[in-house]
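Same chain, two partners: subunit A is paired with subunit B first, then with subunit C.
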Partner chain A sequence: MIITFGLVAVFFAVIIFILHKVKQTNDSFTEYAVAGRSFGAKYQAMSFLNTWYPGAMFTAFAGLAAASGVISFYVLTYSLLTVVLMYVMAKPVWVWGKAFDLKTQPDLLALRYNSRHIRTVTAVIGILSGIPWLILGMQALGVMFVHLSFGKLSFSMAVLLGVFVIVIRQFWTVRLGMRGVIISDMFQGIVAYIGGSLILIGLIMWMMTTQDITLNTMDSGMFTIPSIGSEQGPLWLFSLVLTGAIGGWCWPYIFVRLFTADGVKTLKKSAAIAMPLSLIFCVSLLLFGMYASGLSSVEGHAEDVWFIVTNQAGGPLLLGLAGVIVLAATMGHTDGNIQAYGAQIANDLIGNYLKLDPKQLIIIAKVGMVIITIISAWLATMTLPALFALAVMAYQGIIQIAVPQFMGLFWKKGNKQGAIVGMTVGFITAVFLEFNFPESLPWAYGLTSGTLALVVNMSIYVLFAYLLPNDAKENQRLDTLFNLVHAKPNKG
Partner chain B sequence: MTDINDPYHAGSKKWQESFGTEKLAQRQVELIYHNKVTEEEKTFIESRDMFFLSTTNNEGWPTCSYKGGPVGFVRVIDEHTIAFPDYDGNGMFLSIGNMSLSHKVGMLFIDFENPQRLRLHGIAHVYEEDELLSEFAGAQLIIRVTIDQMFINCPRYIHHYKKIEESMFTPEKGISAPIPDWKNLEAIQDVLPEKNKRK
Partner chain C sequence: MNKNEREMQRSLPIFIIVWFYLDAIIALAPPIYWIVNDYRIMFIFGMPATLFYFISVAVCIVCSLIAAYLVEEKQGAFES
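And now, the complex of A and B:
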């Protein structure tokens, strides 16, 4: 226990040391919310990965691979597609962000649709949808601490410890805003995904060489995916990939990554850096899970596969490192999450109705972060049976932002009425369907609630675009907005 | 209006002659002087959040002021006309007053982050009632400028600056703008217009 907790303590101390060295460049809200749009490609790539892959990758997704095999590779497909989308969205989002000093995802929608109300709607959907995932992240640390204590800590005590670690960490998130998040993401990302990949590859080699596990020894059920005639329906896998890929950019803490870069080229370069890292990490993780299914110790404990195998292969030292990796991934995700919500509370909810100076905005953002942290921490210590269902429901709901977001970036005809009504009806439809038909809709060939709601959402959006076409002034405004994306700077 | 093909007066021509730049100056007339806004210039002007405005009073004294607002606060109405709002200021109405009398203005648009600039000379008119008033949050008057001549300028001496943050006083639709600190000074409370007084 001394070794495992000691390693976690050392890692935490290094993070605090790094954060202690971080200096903000000025006292503007732009600096606080998007780090003054100043980061290069490497920081951007690592920050994206650290926010994208939470600690739950090592539990939920490794567990899914161990329990169900290749179906788990859908996470790889949508993760890579998300990076491709970053490349596609980089230019309009960054150019508009820079020109109009946008700080949040609702800011972008408010600009595109010339509507303040859409800012509020998007922010409310974003914050409400994120809280269940924040709580799950904190609880995941509880699971980690149970393993690091070799079962000596009760789950409730371990969750309290996890919450304590996260809450302490938030002191710096609140104080430093986005710059602190991104700089710590670099170190956390290296530990979680580069260090993690190395350990995962090592463990795969260990299982292949010492445990004689190969792809041939695995159950044939590990290699099947749902298709025509399957229980889930032929479109189920498609739905998972689609919602995962487009849903990624609906999360405010992922989207804001597009505003923290110092240019469009940087964003595109960061996508190119993130792609191979993401590929290696995700493939290693999922293959690791599949190989680990051959170990008898993993049977019936798929979600604990990461801790079981590291302990079995390398004892307390490797288990301690496994804990550090999960903590690094969880912190990156949680910090980004809390920071984004603080910025949204200040900028999109209160700042949407009151003119505030940067100091006031920063104070409100800090108070918002503290409140979100306290509420999530409090809820994390409670037993909430419907939490996971709520989180899934939230995911199906938040992806409804995708329609006005993506369509708005590339299609001038979309208007605010279609965006607000489509997104709201889509959100309600998704929640209603998820509530009544959790997991998949048997009569919809495997489409998930969120995917079906996307169809409704998109239909409303397109219908409104043609029924209520933008007037000449709005078209002129949009022309200017879109021309800006393609304007070439004159270098004289 | 200026002859777009011969925009230089005797003063400029004398110095062009002294420095041997007459042909260079004339070539620039042929290449960059014009009086119709191109699509590229429209995008450039409408993506600015500030410009410098020079005006002259009834005795010919020039003054220059900085005008700032949200991105797009200067709008290209058609290829010969641009317009911009007048926001609450210090109450002196120097530029507005000058434009009401002499009408001639010079405008300088600069992009400090991707160094480039555009100069525009024109004839300005101030309107108290204008359909654009409702389109610019916080506008109290609208100025429409008929373009006399415009040309891009060499950006070599433009220092590279970075915008940190939009001014919190930038007018925004639906949100009342805060009152600047100096309008809270006791020394001016008795002469402030009603709308600027502390509530």
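And now, the complex of A and C:
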């Protein structure tokens, strides 16, 4: 226990040391919310990865690979496709962000649709959808501490400890804003995904050479993709990949990464850097899970596979490193989440209706972050049986932002009425369907609730675009906006 | 869709746009993974067909994006 907890303590101390060295360049809200649009490609790439892949990858997705096999690879497909989307939208988003000093995702939608209220709707959907994932992240640390204590800590005590660690860490998130988040993401990302990949590859080799587990020895059911006649339905995989890919950029903490880069070239270069890292990490993790399914110790404990196998292969030292890796991934995700929501509370909710100076905005953002942290920490210590279902439902809901977001970037006809009504009806439809048909819709060949709601959402958006066409003044404003992107070089 | 909107979408070379569409098709089109699933016990390059499918799709997407960046950089798209 001294070794495992000691390693975690050393890692935490290094993070705090790094954060103490961070200096903000000025006291503007742009510096606090998007770090003054100053980061280069390597920081951008690692920041994206550290926010994209939470600690739950090592529990939920490694567990899915161990329990269900190759279907878990859908996470790899959508994680890569979403970066392609980023590449395509990098230019308009960054150029408008720089030209109009945009700091949040609702800022962009408010600019594109010339609407104040769309800012509120988007921020509310974003914050409501994100909280279940914050709670899950905190609870995942509880699972980690149960294993690091070799079962000596009860689950409730371990969750309390996890919440305590993550709450302490938020002191620096609140104090330093986005700059602190991105700089710590670099170190956390190297530990979680480069260090993590090396350990994963080592563990796969260990299972192949000492445990005689190969792809040939696995049950053929591990290689099944839900197809025609399957329980989930033939369109289930399509739905998972589609919602994952387009949903990625609907999360406020992911979207804000587009505003922290110092130019369009940086964003595109960061995508090219992140892709191979993402490929190696994700393939290693999922193959690890599949190979580990051959170990008798993993049977019936798929979600604990990461901790079981590291302990079995390398004892307390490797188990401690496994804990450090999960903590590094969880911190990156949680910090980004809390920072983005704080900025939205100040900029898009309170700042949307009150005139505030930058100092007041920063104070409100900090208070917002503290409130979000306290609420999530409090909920994380409670027994919430439907939490995971709520988190899945949140995903189906938040992807409704995709319609006004992506169509608004490339199609001028869309208007604010269609965007607001479509997004709201889409969100309600997704929640209603998810309540009644969790996981997938059997009467829609396995489509998920969010995918069907997207169709409704998009139909409304297009319908309004033709029924209520923009007037001449609005068309002129949009022409100017779109011409700005076309006129700008990629360099920004 | 007017000229500006079309040009905004076409800031990338045509073959890269086609490659991006191909990424989306092979990753999303249900008939492709239905067929692959029918051959799941067949091994290709030492791995079952379904695993080979997912890894091939991933490699194709990664290559397309790296190619896009290299081509744009070579064409001077990032110069002011």
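The working rule: the second predicted complex is superposed on the first by the 487 of 492 C-alpha atoms of A that agree within 3 Å, B and C clash if a C-alpha of one lies under 4 Å from a C-alpha of the other, contacts with A are read in each partner's own complex, and residues count from 1 in each chain.
Here is the rule we use: contacts are C-beta pairs under 8 Å (C-beta built on N, C-alpha and C of every residue); 3 or more make two chains touch, one makes a residue touch a chain.
Everything numeric in this text was worked out from a predicted model, so none of it was measured.
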Superposed partners subunit B and subunit C on subunit A - clash or fit: fit
Which of subunit B and subunit C A:483 touches, first, second, both or neither: both
Partner chain(s) touched by A:356 [first = subunit B, second = subunit C, both, neither]: first
Touched partner set for A:31, first subunit B, second subunit C, both or neither: first
Which of subunit B and subunit C A:237 touches, first, second, both or neither: second
Subunit B versus subunit C as contact partner of A:436, first or second or both or neither: neither
Contacts of A:296 with subunit B and subunit C, given as first, second, both or neither: neither
Subunit B versus subunit C as contact partner of A:210, first or second or both or neither: neither
More subunit A residues in contact - subunit B or subunit C: C
Nearest Cα pair across subunit B and subunit C, whole Å: 8
Contact residues common to both interfaces of subunit A (with subunit B and with subunit C): 483, 489-491
Residue ranges of subunit A in contact with subunit B within the complex: 26, 28-31, 36, 99-101, 116, 353-358, 473, 477, 480, 483-484, 487, 489-492
Contacting residues of subunit B [partner subunit A, same complex]: 39-40, 42-44, 46-47, 70-72, 111, 114-116, 135, 152, 154-156, 163-166, 168, 172-178
Complex contacts: residues of subunit A adjacent to subunit C: 70, 73-74, 76-77, 80-81, 83-84, 87-88, 91-92, 215, 220, 223-225, 227-228, 234-235, 237-238, 241-242, 245, 263-265, 268-269, 271-272, 275-276, 279, 282-283, 410-412, 479, 482-483, 485-486, 489-491
Subunit A-facing residues of subunit C, complex: 1-2, 4-5, 7-9, 11-12, 20, 23-24, 27-30, 33-34, 36-38, 40-41, 43, 46-51, 53-55, 57-59, 61-62, 64-66, 68-70, 72-73, 77-80
